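Chains here go by letter, A, B and C, matching the order in which they are written, and residues are numbered from 1 within each.
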Amino acid sequence: MIPPATRQSVADVAAALDLAVVGRELYDRIGRLYPICRSITGNGVRETLRLLGSELDLEIREVATGTPVFDWIVPREWNIRDAYIMNGNGQRVVDFNASNLHVVSYSVPVRARLTLAELRPHLFSIPDHPDWIPYKTSYYSETWGFCLSDRQLQSLPDGEYEVCIDSSLEDGHLTLGECCLRGRDTAEVFISCHVCHPSLCNDNLSGVSVAVTLATLLRRVPLRYTYRFLFAPGTIGAITWLALNEPHVPKIKHGLVLACLGDRGSPTYKRSRRGDAAIDRTVAHVFRHASHECHSEDFAPHGYDERQYCSPGFNLPVGVLSRTPHGRFPEYHTSADDLAFVAPAALADSLRTCLKVIEVLEGNGMFLNKNPKCEPQLGRRGLYATLGGHSDERRTQEAALLWVLNLSDGTHSLLDIAERSTMPFAMVRDAATALVEHGLLEELSAPD
Amino acid sequence: MIPPATRQSVADVAAALDLAVVGRELYDRIGRLYPICRSITGNGVRETLRLLGSELDLEIREVATGTPVFDWIVPREWNIRDAYIMNGNGQRVVDFNASNLHVVSYSVPVRARLTLAELRPHLFSIPDHPDWIPYKTSYYSETWGFCLSDRQLQSLPDGEYEVCIDSSLEDGHLTLGECCLRGRDTAEVFISCHVCHPSLCNDNLSGVSVAVTLATLLRRVPLRYTYRFLFAPGTIGAITWLALNEPHVPKIKHGLVLACLGDRGSPTYKRSRRGDAAIDRTVAHVFRHASHECHSEDFAPHGYDERQYCSPGFNLPVGVLSRTPHGRFPEYHTSADDLAFVAPAALADSLRTCLKVIEVLEGNGMFLNKNPKCEPQLGRRGLYATLGGHSDERRTQEAALLWVLNLSDGTHSLLDIAERSTMPFAMVRDAATALVEHGLLEELSAPD
Amino acid sequence: MIPPATRQSVADVAAALDLAVVGRELYDRIGRLYPICRSITGNGVRETLRLLGSELDLEIREVATGTPVFDWIVPREWNIRDAYIMNGNGQRVVDFNASNLHVVSYSVPVRARLTLAELRPHLFSIPDHPDWIPYKTSYYSETWGFCLSDRQLQSLPDGEYEVCIDSSLEDGHLTLGECCLRGRDTAEVFISCHVCHPSLCNDNLSGVSVAVTLATLLRRVPLRYTYRFLFAPGTIGAITWLALNEPHVPKIKHGLVLACLGDRGSPTYKRSRRGDAAIDRTVAHVFRHASHECHSEDFAPHGYDERQYCSPGFNLPVGVLSRTPHGRFPEYHTSADDLAFVAPAALADSLRTCLKVIEVLEGNGMFLNKNPKCEPQLGRRGLYATLGGHSDERRTQEAALLWVLNLSDGTHSLLDIAERSTMPFAMVRDAATALVEHGLLEELSAPD
């Protein structure tokens, strides 16, 4: 999809994106990851990261059970081989092999014969969606259970059943995967997505897949920021990463949690706790100039791993990029969040949005007008001529030059200028580049 | 109405309020005070305060005529025994005994025979409301006059009339009543209402009655703030109190002027001069979560005693709680502001609004999350379990816990958190209490 | 129009304005200036300033070609005597004497015989408005050209034409005109209008004419600020003035560029780069209380000489007052911007708007309430009585007194008070004057 030649900039990568091709790539990756039974620990996460490692330079870190991480402790590792409910005729009426959602995640091992009445408290369904299997977990209280469609639950005849969950919950490790792309600066852009959900597509194989393609695209270009991609189980994974990397955390200047990026809804951004961080303003800018509807909403302390990144002791400038946010689509945490629920076009649009955001982060800067008293004579320098284009375009480009000159007083970044002028960032950035080339502008230190 | 046992908190008092019972109590008190002829000085105010003193610990202060109070001087004391206009047949066509509104307040004594033409400049009516008697005063220029319905005025036959105002305007005192409920702090909440109007119900026996019941309710509970209730004549009473208590004034942290609280309009709050004082934000919060329409408006330097409390030399955080504000209902300052114009339900709702405001003032505080880095593990501590309730309620309570933890960084009060989360204050306060009990939160010094 | 007697204040001048008379005066002046062929240098500007000098004390400054002015250089002086296109029959088909718009401004001398095809690249028209002649310039690249109606252009038969531009482009001068009215303060109000356009009325003989009458009116009254009127060619004139007067620039406390003030559109104000300068707030106030529709808009770095005054090295508090802003009316820079396009009533209204703005600038001040604790007793001082008027008016005047007393705490100017009270400035100013007279208020130093 991307020719091997190194591209010049993130903007070029974004501009060259073939949405149909990249959408298919994003979708196919989800297809490969979909069957794996993931949880917050165990071989499902390992297998997932192994697959991602075939595409990315992924550093894997195993953190031992019992490791204290702030107020938490890394839990025992859970693995599962098989599970079923068998009826009196020896038929598996519920079978883990048919869907890994059938078993409550972190179920302790069980092997027993139970009447339906005895089994009933361990069975979970969704009466409102009688054909869907719910997704349930019980990480921190030891129990076991099965999930099944309400239609099946209602049709189970009385009688005795054999239940088997061939799982293990033992000391082991929690697994984290990290991919780091070094830029000119040690300041970092942090991209995080949770990898703990089993066969669910939008939540969050969509976020994982977008992150992987994003990393493969960014490694082709010279970068200003260092980019760190974290693939970790939700909550405990983010907490563990923060606990193990606390001295590193202040390097994070901008961040995004990627989740639920494949459904057919429009893009949604949840602002960081700060509300006006550069990442918040950047996404707002990209959304304002998007060709389709997008909306931003305020931070709230419930959600995904932004809960940890935006806890008051860190208060990182990390927002969440989604399409329909988690919990707001009925398919959420059910078997209906499947391969049909996510769409290549939506995934590709999500990726492009990430690139547009990064294009602004990379290109933003603070400049100083070297002729601050009155306008410099642009005509004499051929600046109008070099811009080309037909007359409306020329007028806009001239306006961009004037805006950059007028506001480059050491207090306005290019993003500030784009916002005040209501121009798209790229146009302001191009004007700044032309003015630097003509000696009319000089770059100050980059804003964080 | 309130069982004798000491209640736990203002919130409990507010929750336990029987609106029908308390509405009747408020209304009946107005009925007892209605017949008294009050003015800014004199025995009407004394008799009023004597009646309030049967329900409250009221400290009465008499301030002598001639006492300088800032730019003013305590005026002479006015008292009236009788007044009438008698026609040629010896009939009292206008009789003070029928309505104390018939005499212009502070009328000097008069006894004369006058033709209708001579009398006419001393007669006041409201042509637009021909059946209503206006309420008029002339505190600071010596004159006399009668008020009567326009219908009666128009029907007065020519001829000679005997007029009599058996009043006195002599050196005496201005009378103030004050009730103080000591709290744990010396910081004060100041509640002020004017007691200078004769037989007018909404303006301001409604404010007086609400203040009295409020004081009787608050004295049953342990209080954080000290509450000071001032019953004083309008303008000169507030000025006199401020002049005599100037060193005390900085203790006032929050305040409300109570006026026009009994009509059938919806609650109105006039902000303090500061506009963003805690009292302003508190009432706005209570209004936002009220079940019925409420509205706030900006400070203006015309109105009731907030004019003095919010004068630039004091600039106290004192707002005004009303239903329909003074001057905006046609019955204002007329005989139509009578017992039929005020309603028990409106009075009870005004009282409840006061209690809800005080509930927030009392409960507000600044807390510190003791585990600021990442979320603490709430499940391990049984915090979710302790909360009970059905699933939607549980989710809301969990959100409240997370909001309090996330924002308790030493810069957000509980009211700030309630506002940012759009949750009702009580829910945020309950979450903070639970978190303190579980050692996850500690209280900082209370905000003013 | 204005009686010879010195008036008391700008407010009096504004109030006494006879719009019909002054509108005619403004219009007639435009009529006298219309025929002159102006450009950014040359005898057209000189003749224009000579005419203005018959009405104003105008200081003329000649700045030599080649003088460096910031990033620019004063250009050679351009003058023109005659120009035409003559057809084979010896007829002048395009004749400078018919309209000075026919020649591209700054056209170099030319005398040649050309075929229509050779001539064509030097001919400009407006196809969308086939009867209008466009206005074109080429100040900084040496070329020549003719402007004509598209209808004429289309009808030119093939054949050979004689073209003649009898112009000169030689070392000379750029001419500036300045009128200064001394006030009590050396702080200045700066009024600037460009004088470089040939026979175009709205852009900008309207601005010139309004500035002249404004200066003649202001010189009749005692002024607080010093007023400086600059009549200069656009862009290079403003740059030259700034370069020559750089040490003087900090004296400018408020400023207006006057342009396009004669068309039938509603008044428009373009804010200074600061956006909240006193001039911006003043015009917003005047607009808010105007009887007709007005609107303000944000600063942008394209436009007229505010580009220079608001360049980041100066960042002066200078806005632009227009009716329909330049470039937004189809007649802009065409022969249709003629004497029929401007209207005496519009010109008079523009002048009045200027006066209302200056009335606020002159009258604004910061005062201190000498009785800040509680209200002073206004009744005792007869302040209510002195105000007169009927009851609604009296209530408003009383409110103005209370607003001024309440907010005169050393942090609010009269304009602040007018804005917060939503009262017209004059009413607030009158209240302050009355309070000063009664010893209740004292003036602090004037705000800038």
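Convention: contacts are C-beta pairs under 8 Å (C-beta built on N, C-alpha and C of every residue); 3 or more make two chains touch, one makes a residue touch a chain.
Please read all numbers here as calculations on a predicted model, not as lab measurements.
Contacts with subunit A and subunit B are shared by C. Annotation: the subunit B:subunit C pair of sequence copies touches via predominantly different residues, less than half of the used numbers being shared. Inter-chain spacing, taken between the CA centroids of subunit B and subunit C, is 55 Å.
Counting partner chains per residue, subunit A shows two or more touched chains at no residue at all. Of all the residues in subunit C, the ones that touch subunit A in their complex are 69-72, 140-141, 235, 238-239, 242-243, 246, 273, 298, 300-302, 307-308, 310-315.
Contacts from subunit A toward subunit C in the complex involve residues 369, 371-377, 379-380, 398-399, 402-403, 405-409, 420-421.
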